[in-house]
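I've put the structures underneath this note.
Each of the two complexes below includes chain A, the first together with chain B, the second together with chain C.
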Partner chain A sequence: MSAPDEPNGAPADNRPERSGGKLPERLFEAGTEWLRAGGEASDVVLSSRARIARNLAGQLFVHKAAPTDLRLVLEACRDVLESIPLGARNTWLELHESPAVERSLLLERHLISSQFAKGKLGPKRRSNDWPRAVIFGLPDERSAVMVNEEDHLRLQVIRSGLALREAWAEADAIDDRIEAGLDYAFSPRLGYLTACPTNVGTGVRFSVMLHLPGLRMAGEIEKVKHAAADMSLAVRGFYGEGSEAFGDFYQLSNQTTLGKSEAQLLDELAEKILPEVIEYERQSRQRLLEKRRWQLEDTVHRAIGVLHHARLLGVDETMKLLSIVRLGVCLGVVDTIDVTALHRLMLLVQPTHLQQAAGKNLAQDGRKRERARAVRERLAAM
Partner chain B sequence: MPIGGRGLGSYTAPGVNCDRCENEATVHEVTISDGQVLEVHLCEVCAQETGVVSGSPAPVEEILKKIAAGKAAEPTAACEACGTTFAQFKQAGRLGCPECYQALEKQLGPILDRAHQGAVHHVGKVPKRMMQLGGEGAGLVDRAAALAAAQSRAEQIRRLRADLARAVNAEHYEQAAQIRDRLRQLQHGAGTDSETAEGTA
Partner chain C sequence: MSAPDEPNGAPADNRPERSGGKLPERLFEAGTEWLRAGGEASDVVLSSRARIARNLAGQLFVHKAAPTDLRLVLEACRDVLESIPLGARNTWLELHESPAVERSLLLERHLISSQFAKGKLGPKRRSNDWPRAVIFGLPDERSAVMVNEEDHLRLQVIRSGLALREAWAEADAIDDRIEAGLDYAFSPRLGYLTACPTNVGTGVRFSVMLHLPGLRMAGEIEKVKHAAADMSLAVRGFYGEGSEAFGDFYQLSNQTTLGKSEAQLLDELAEKILPEVIEYERQSRQRLLEKRRWQLEDTVHRAIGVLHHARLLGVDETMKLLSIVRLGVCLGVVDTIDVTALHRLMLLVQPTHLQQAAGKNLAQDGRKRERARAVRERLAAM
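For the complex of A and B:
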């Protein structure tokens, strides 16, 4: 175990001090890969994601390590990560130095996890004394690595639509390049060693973000949840672990990581359960169209009406309405609205994005007013 | 393992504490003795100590005596590299360092078993530097292939355990006994392979 002598907060070595990075200007306006609305089965699958957890050999895990240890890990990882192109250009951001609003923006863009944004990892790890960073590729933000999250490295690649294999291939290649520069904690018996035993083995989690309004309206969501549980898959909300499903968006992911190869884990999700869920959702939507067309059209157009005319909109309500409109667009009930524009709106109405676009901090009521105004303006422009 | 009388095998019942100590019970045995249904819930360590999961059958009286003899001593093993104990792990939900897996191997066994459906060996990607270690690296590659085969057995065991629990809950004891026998055969098969036997329940 490394046990550096420096007092807390002292520079770990003699290298010139580097900046903690800067958030790209007007990032809140940019589109991201996961909202591109392209790729296979994109009527049901918003995005596919491969996540890899890795730790450095001979280092304490993050929640146990002293801030000086974590600083060393951060610097070692930074050297390697900055040499790997994660997009046209990389952006490195140190989150213990960044304001809460920046972290919240990254969370809303699915670039970091909720505990990483909040800066809470057990009683010892608080935001200010927890050296941690994220590096991601611009302009599409599809590859990102969190350094010193629960594990030293959490790499994710997100692709639009159903593209788990492509996401895994990219993540695997980035992982190879990181590994060429850093020694991973690995055991021949247990595989990649992670802070939590539930991730040990491959350290890989595959997930897909699904839009399931048809199954929800048919009252079949519980069946999907049970089927997923039977196959040891987890069903989570829009913002991952512990978050609620709003607007009929659900994340489906594998839970076991030991004893199955990455290819097996991928097949279980991509070949077994997903085609069925996608098919059931499409069938439910078709039934709505065939048997309850007028009710469906009414629901969709009422949603558009509210979005056009409301003067106060909460985020939950807005997501529900946008979800219904998305269903209408996918079924051809509405042809004046573009899915990509709708997706961008889904991001824009999130609290931090909304305030960044407005250029000011807003209290809850102010946000509701601003959200209604922004939605109105964007819909009018479509 | 039959605990005297007619053994009906194990099933899963999450959230039940061990009859001998405070750990969560991972071995649940139902037996019929003199027409009475008897349930025993034990953690991994106590199950082995009492012979419930060992090869040697122990009479029910002996086991009950051992259970009645009181709480087993809490394992106090700590990781030499970082000092993390199992109690600290349970509280934080995270281990202290990579060495903890070795140091707390026994206590982590049931947790890994539950989280990964009985799998005890990594299958899949291996760091390239491990592959370049000559003999050991080559061994890993061979083992990856062998483990892929073992995986289907682990999946069968998992399914049979679920079937057994259902049969016991429905009081279909004859069916349960048959499933238990099939499980034993499979687990015995796993037992002949020293690599895959370690850590299994």
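For the complex of A and C:
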């Protein structure tokens, strides 16, 4: 690997520059693309995400592989991924070496999955026995790749608002660059091979994070879920698979990728299903505004009152309150608060971000107090 | 009745000057003694009241009498009552002639009973068939006499805080002056005769309006009620008999007057029972402060938040919130609000006072909006 023709005679390393391996300081204070509160239909769509699952040819799937195998995958992937700019600069973090608080911070920022953060791969494997990493682009954390999650590679590109095509184009371009450096497991008959059969084929999953307070207040969320299930769409919570809806935020995604091209999946979601859901939510909101204006104003202002005055705030309640205030801002019922600031608050009130900002570990009661204090302080500054 | 020796030859009237018969304008904006927030133990005791029931000798009890009989009683009583100063000036109001809104205003000010306000005497008698009046002293409304309520005369004297002896002394003095002008129904064996046997004897009832949020939060209110029942005490709501507890305010009163002297009743209540209840409530509050300080502060500040921000407020909820804020003020958890202002708000948010202050009749929804607006405005001015 040495390059004797280097002028200064130092051993050259033609591998791309490595990105530190440490969590950037004060990451918790930066904004992320998915909370930017911009883009099309951002009154209803928080963010759009394209995710691609890939595996390396000739390597055991993650749940079958030994730690030594996974370490080889990690190294092979790192070399290629570090050479692809995922933002102004890349950050590579090896999670089997990182403390729980760091993993939790990444989860709260939607950079890694819940399973990846917890570090439980099957019944026996613990976090430090599971070589795995995430690499993401700074400063906006728009693109990220998990290495050795359920699949060897899980690439995601997130865009604010309704922008599935843009997210997909960007993910597709990154995927091409990765494929130029790594040999993917691919079957001419089935397409890209993945650990879970639901991802076989394109390996692509599209999802959007929707804010549906209007439909929830109108009691129509179950209807949306049933309709989604009929169209093979999954409705999930704020932190994806297995998580609960948090303050009226729901993740809608396609469930199967086999037998459909990316273009078909995109057309279905972006042209047909999402415009309908968005319209349905907007109509519910308009009905609230027209038929129950006083109740709506009361609900929104009470939420502001509690956020301004409470001395103890749990994360679930805070998200519910922020969700209601977000609705009020979108409908013009409140004009003293801006959505971007609300979104930052949504991230700040998460348990790990809260403790990072406070600079100390806190038990549950302490977190409730600190959360109330932080919310009060931020709202007062708006 | 003419006095020919009058210098200007005008027909003289030796009856005392009459007091108008109209509700003083803007009465609803004045403070009343029972909401003055002063006196002994005013952290727990809102007000103390002595009430005396009397009937005229030789006249049928109110529920047996015809309207013409009641009119005679009214006239006889008026002559005497107008001559006794119940305050800086007296106001005489005949309720069979007054509109429902006026009666409701008097009820909200605790100047008349709920039955007296509604004007239903038995199944057939309607408000305008029931000659009845109230006379009270202005400006503090400390002393008042209902004529033709359940008894011909129902005198009450109210004092802020724990002041049963003072209230009793004042009521006793007024009663003596009335008795000097009217012949009371009295039995040497039974004492003063009254329409309801529970009042026979002294005809005296003592009551205190207690604020018991500490005991309610500690889940001990039922215990207090049982203990009170064992001591022949009644626990009633904010508007006396048949009314509900309203924002942790409870009226405690002796139930029977037969066989006990006023001095015995007073000693029992003022020296024994009330100091115990007050101590019990104070201990509950201290325990909240010591063991659940954060929850207490949270509850109090949330109440302030809702009062400051809500756009719709029902009267029950508002009283509950004001009660919690009052607790916070008494415990020093809040220092920006004063109890007297809170008490004024407690009166202002009552449905009729609210509409009087707004200068218009409002349906229930309109009242909720107006109440929220008025509370917001007053709190902002504190």
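The definition used in the following text is that the second predicted complex is superposed on the first by the 361 of 382 C-alpha atoms of A that agree within 3 Å, B and C clash if a C-alpha of one lies under 4 Å from a C-alpha of the other, contacts with A are read in each partner's own complex, and residues count from 1 in each chain.
As a convention for this text, a residue touches a chain if its C-beta (ideal position, glycine included) is under 8 Å from a C-beta of that chain, and two chains touch if they have at least 3 such contacts.
As the structure is a prediction and not an experimental result, all values here were calculated from the model.
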Which of chain B and chain C A:48 touches, first, second, both or neither: neither
Looking at the overlay, does A:196 come into contact with chain B only (first), chain C only (second), both, or neither? first
Thinking of the overlay built on chain A, is A:183 touched by chain B (first), by chain C (second), by both, or by neither? first
Scan A:156 for contacts with chain B and chain C and give back first, second, both or neither. neither
Touched partner set for A:254, first chain B, second chain C, both or neither: neither
Where does A:262 make contact in the superposed view: on chain B (first), on chain C (second), on both, or on neither? first
What's your read, chain B or chain C touching more residues of chain A? B
Contacts of A:148 with chain B and chain C, given as first, second, both or neither: neither
Going through chain A, the residues touched by chain B and also by chain C turn out to be none
Taking the complex as given, what residues does chain C use to touch chain A? 294-295, 297-298, 301-302, 304-312, 365, 369, 372
Along chain B, where are the residues that touch chain A in the complex? 81-82, 84, 92-98, 101-102, 108, 111-112, 115-130, 136, 139-140, 143-144, 147-148, 151, 154
Under the definition above, what is the set of chain A residues touching chain B in their complex? 1, 55, 57-61, 63-64, 122, 150, 172, 175-176, 179-180, 183-193, 195-198, 200-202, 204, 232, 255-264
